[in-house]
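One structure follows; several queries about it will come next.
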C-alpha cells in the first residue's frame, strides 16, 4: 500500500501531473540538461588547466546518475512500462545514458563515438516546451507550399550551379572543380552568408551571380514569409476556437 | 483497332489523364530526371575512381533511351503531333535528347558544349508541379510594382557604384578599377552576401557604404515583402472563388 | 501664330500632356538617359581597345546635344520659364549639361570632377516614374516610426562599437584602432554583410558579437517590416478612395 | 518665496512639464549627449593632430559640467530627491559624472576603465524618446513566443555546433578546435554574416552546413516576423483604445 502510494506520488511529479512539484521537476531537469551540455562543450576546449579534468568528470558522473535515476523511475511509475520504453522519448532517454554504462565495461575504443549520443539528451528539452505544438501545427498547415518552394529552390540552385560552373571552371579550376563544388558556392551565395572562400572572378560569372541572386533571394524569401503568416494563422485559429468554446459555455450557462 | 486502343491508353497515361497510372508515370519521370541530374553532377567531379566511368556512361545511355522513348511516344499519341513538336515543352524534350544522338555520329568537338543542353531536362520538372500556377499568378498580380522597385533598385545600385568608385578608385585602383567593377561591389554589398573580395578601406568609402546599406536594404526588402503579401492575396482569392462556386452549387441544389 | 501653335504642340509633348506622343517622348528620354549612363560606365573600364574612344566620345556629344535641346525646348515652352529654371528639376536639367559646355571653353583641369555631375541625369528618371508617389506617401505614413527606430539602431550600433572596441582593441590594435573603426565592424556585422576584413578573435569579443547580433537583427528587421506593412496600408487607402469616388459618382448618377 | 518659485520653474523645465521650454531643454540635452559621444569616439582615433587634444579635453570638461549641473538641479527640484537618486535614471545620471570627479582626485590608474561608464550617458537618450513605450509593450505581447523561439534557436545552434565539430575537427583542428569554437562558426553562419574566418572544407561539413542553414534560417526568420506582426498589433490596439475613448466622450457629450 505504502509503496504504491509512493509510486503514484513520484509518478505524478515525474509525468507532470502534480500541481505543486510537477513543473518544478521539469525546470530542474532542464537545468541539469543545460549544465550537462555546458560541461560537454567545455570538455572539448584544448589547453584546459589540469584541475578541470576531475571536475568535468565528476559533473559527467553526477548528471548521468541523475538521468539514470530518472529513467528507472519513469520505467517504474509508467502505467505501461514497455510502451514507454519503446516510445520515442523512452528510446532517447535510454540512448542518453547507454554509452556511459557501456563504456564502464571497458570497451574504450568505441567511447568517443558513443559519447556523441549524449547530444540526444537535448531532445528531452523539446518534451518540456508546450508551445512547440503550435509550431508543429503551423508546419502542417503550410507543408504543401513549403515542399513546392523547397523543390523550386533546389531547381534554382542546381541550374545556378551548372551555370556558374560553366562560367568559372576554366578561370578557377580548383574552387569550381565540379558541379558539387559549384553547388557549395550557390548555397553560400543564395543564403547571403558569403564566407569568401569561393567567389566569381570573371565578368560573366559575376553577372550570372547577380542574376541568380535576384531570382534566388525571391525564392528563398517566400518560405520564411510563409512560416510567419502560417504562425499568425495558427494563432488566430487558436483564438477563434477559444472564443467558440467560451461562447458555447456562455450559451449553456444562459440555458 | 488494337493499335489505336493501345495508343489511346498510352496517351492517357503519358498526358496525365489516366486516373490510375497517370500520376505514377509523372513520378517515375521526375525520379529519372533527378537521377540523370545527379549523374551529370557526379561526372564532373575530378579524381573519381576508374570503375565509376562505365557506370556513369551506362546511366547516361539508359536515361537518354528513356527520354527518347518518351519523346517518340508523345509524338505518336499527341492529337496534333506537329503542334506538340513546336510547343515549348516539345522543344525542351527534343533539345534534352538531341545532343546525345548528334554526338553519336562523331562530331566529338562540339560534344562538351552540347551536353550542357541536357540541363533543360530539369525544365520538365516544372510541368509536373501544379502549384507553380499560383506562383505565376502572384507574379502577374504584383508585376507592375516589382518593375517599379526593380528599376528603383537598379538606379540606387548605379548611383552607389559611381559614388564608391569616386571614393575608392584612388586607394584601390585594382579592386575598384572601373564603374562596372564598383557595381560588382555594390551587388555583393546590398544583397548582404559580402564575400570579402572587395570592400572599402577609406573612411569616406566606409561611410558611403554605410549610407547605401541603409537606403539599399530598404529598397531590396520591399520586393520580397511584396512577393509574400502577393502570395497570401492569391491564396485568399482562390479560397473566395471556391466559396462562390460551392455557394452557387448550393443555390442550384436548393432550386 | 504658326510659331505659337508649334510651341503649344511641342510643349504638350514635352510636358507629357499630349495623349499620342507624350508617353513616347518620355520613353525615348529614359532610353537616352540609360544609354548615356551605360556609356559613362563603360568609359571608366581600363584597357579598352583604341577604337572605342571616338565612339564613346561621339555618344557623349550626341546625348548632351539631346539633353541641351530638351532643356532649351522646356525653357521655351514652359508657361513660366523662370519658375522652371529655378525648380528642382530645372536645376538638375541644367547641371546635367553645364559641365560639358563649361569644359568646352578650355578649363580642362576641372573636367573630371565636373563630369560627375552628369550622374544627376539619372534623377530625371524619377520624374518619369509615376508609382514613386505611392512610395513617397508610404514613407510619410511611417516617417515617425522610422525616425524612432533609426535612432534606436544608431544607439545600439554605438554601444556595440564601444563594447567591441574594449574587447578587441588590445588583441587587434590595427583592425579595432578606434571607436570609429569599431563602428565600421558593427555596420558590416549588423547588416549581415560580413566582408571578413574585420572580425573578433577573442572569446569575449565573439560572445559580445553574438549578443549584439541578437539585439541588432531585431532592431534592423523592424524598419523593413514597417516599410512593407506601410506600403500595403497605402495601397488599401488608395483602393478605398477609389471606391468612395465611384460610389459618389453612382449616387450622383442615381440622383 | 522667490527661491521656491525659481525652483518650481526650473523643476517644470527639467522634468518636462513646462509647455514652452520643457521640450527645448530635452532637445538641448540630447544634442549635448550626442556631442559628448562624438567627442568620446573621436578621442580614440590614433594619430590625431596635437591641437585636437586640448579641444577634446575642453569639450569633455564642458559636457561634464553641464551634466553635473543637470544632476544637481534634478536633486534640488525633485519632489523626493532621495527617490530620484535611487531610481534607475538617477543612478545612470550619477554614474555618467562620477568617473570624471573621482579621477580629478588623482587615482589615474583606474581612469581608463572608469571612463567607460560615460557610455551610460547614452541611456539618457532613451528617457527622451516617448515612442519606446510602444516597443516595450510589443515585446511584452510577444514575450512568451520570443522565449520559446529563442530557446529553439539555441538548441538548433548547439546541435549544429556539435555536428560541425564532428565533421570539421579533424580537417581543421585549429578553426574547429572545440565545441565553443564551432558555436562561433554556427553564429556567424546562421545570422548569414559569414566573415570568412571559419568555413567548412570537407564535403560532409559543407553538406551539414547547407542542412543547418535550411533549418536555421527558418528558426531565425520567425522571431523577426513576430516582432513586426507584434508591433502592428500594438498599433491597432492603440487605435481602438483611442476610438473607444473618443466614442465614450461623444456619448457623454450627447447625454
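By written order: A, B, C and D. Residues from 1 in each chain.
Please note the rule applied: a contact is a pair of C-beta atoms (placed from the backbone, for glycine too) under 8 Å apart; a residue touches a chain by one contact, two chains touch by 3 or more.
It should be emphasised that the depicted structure is a prediction, and the values quoted were computed from it without experimental measurement.
Trainee: Same interface as C-D shows up in which of A-D, A-C or B-D, over half of contact pairs matched?
Mentor: From the options A-D, A-C or B-D, the copy of C-D is A-D.
Trainee: With touch defined as above, tell me whether subunit A and subunit B contact each other through largely the same residue numbers, more than half shared, or through different ones.
Mentor: different
Trainee: Measuring centre to centre with CA averages, how many angstrom lie between subunit B and subunit D?
Mentor: Chain centres of subunit B and subunit D, defined by C-alpha means, are spaced 44 Å apart.
Trainee: Between subunit B and subunit C, what's the gap in Å when you average each chain's C-alpha atoms?
Mentor: A distance of 31 Å separates the two centres.
Trainee: Which parts of subunit A, given as residue numbers and ranges, touch two or more other chains?
Mentor: 180, 192-196, 225, 228
Trainee: Assign the assembly's chain-to-chain touch graph to one of these shapes: line, ring, star, complete, other.
Mentor: It is complete, because no pair of chains fails to touch.
Trainee: Given the complex with subunit C, which residues does subunit A contribute to the contact?
Mentor: 192-196
Trainee: Okay, in this complex, where on subunit D does subunit C touch?
Mentor: Going through subunit D, the ones touching subunit C are 37, 40-42, 44-46, 116, 119, 122, 125-126, 129, 131-132, 135, 180, 184, 187-188, 191-197, 220, 223-225, 227-228, 231-232.
Trainee: Subunit D touches which residues of subunit C in the complex?
Mentor: Interface residues on the subunit C side: 144-145, 148, 151-152, 155, 158-159, 161-162, 165-166, 177-180, 183, 189, 192-196, 199, 201, 203, 206, 209-210, 213, 217-218, 221-222, 225-226, 228-229.
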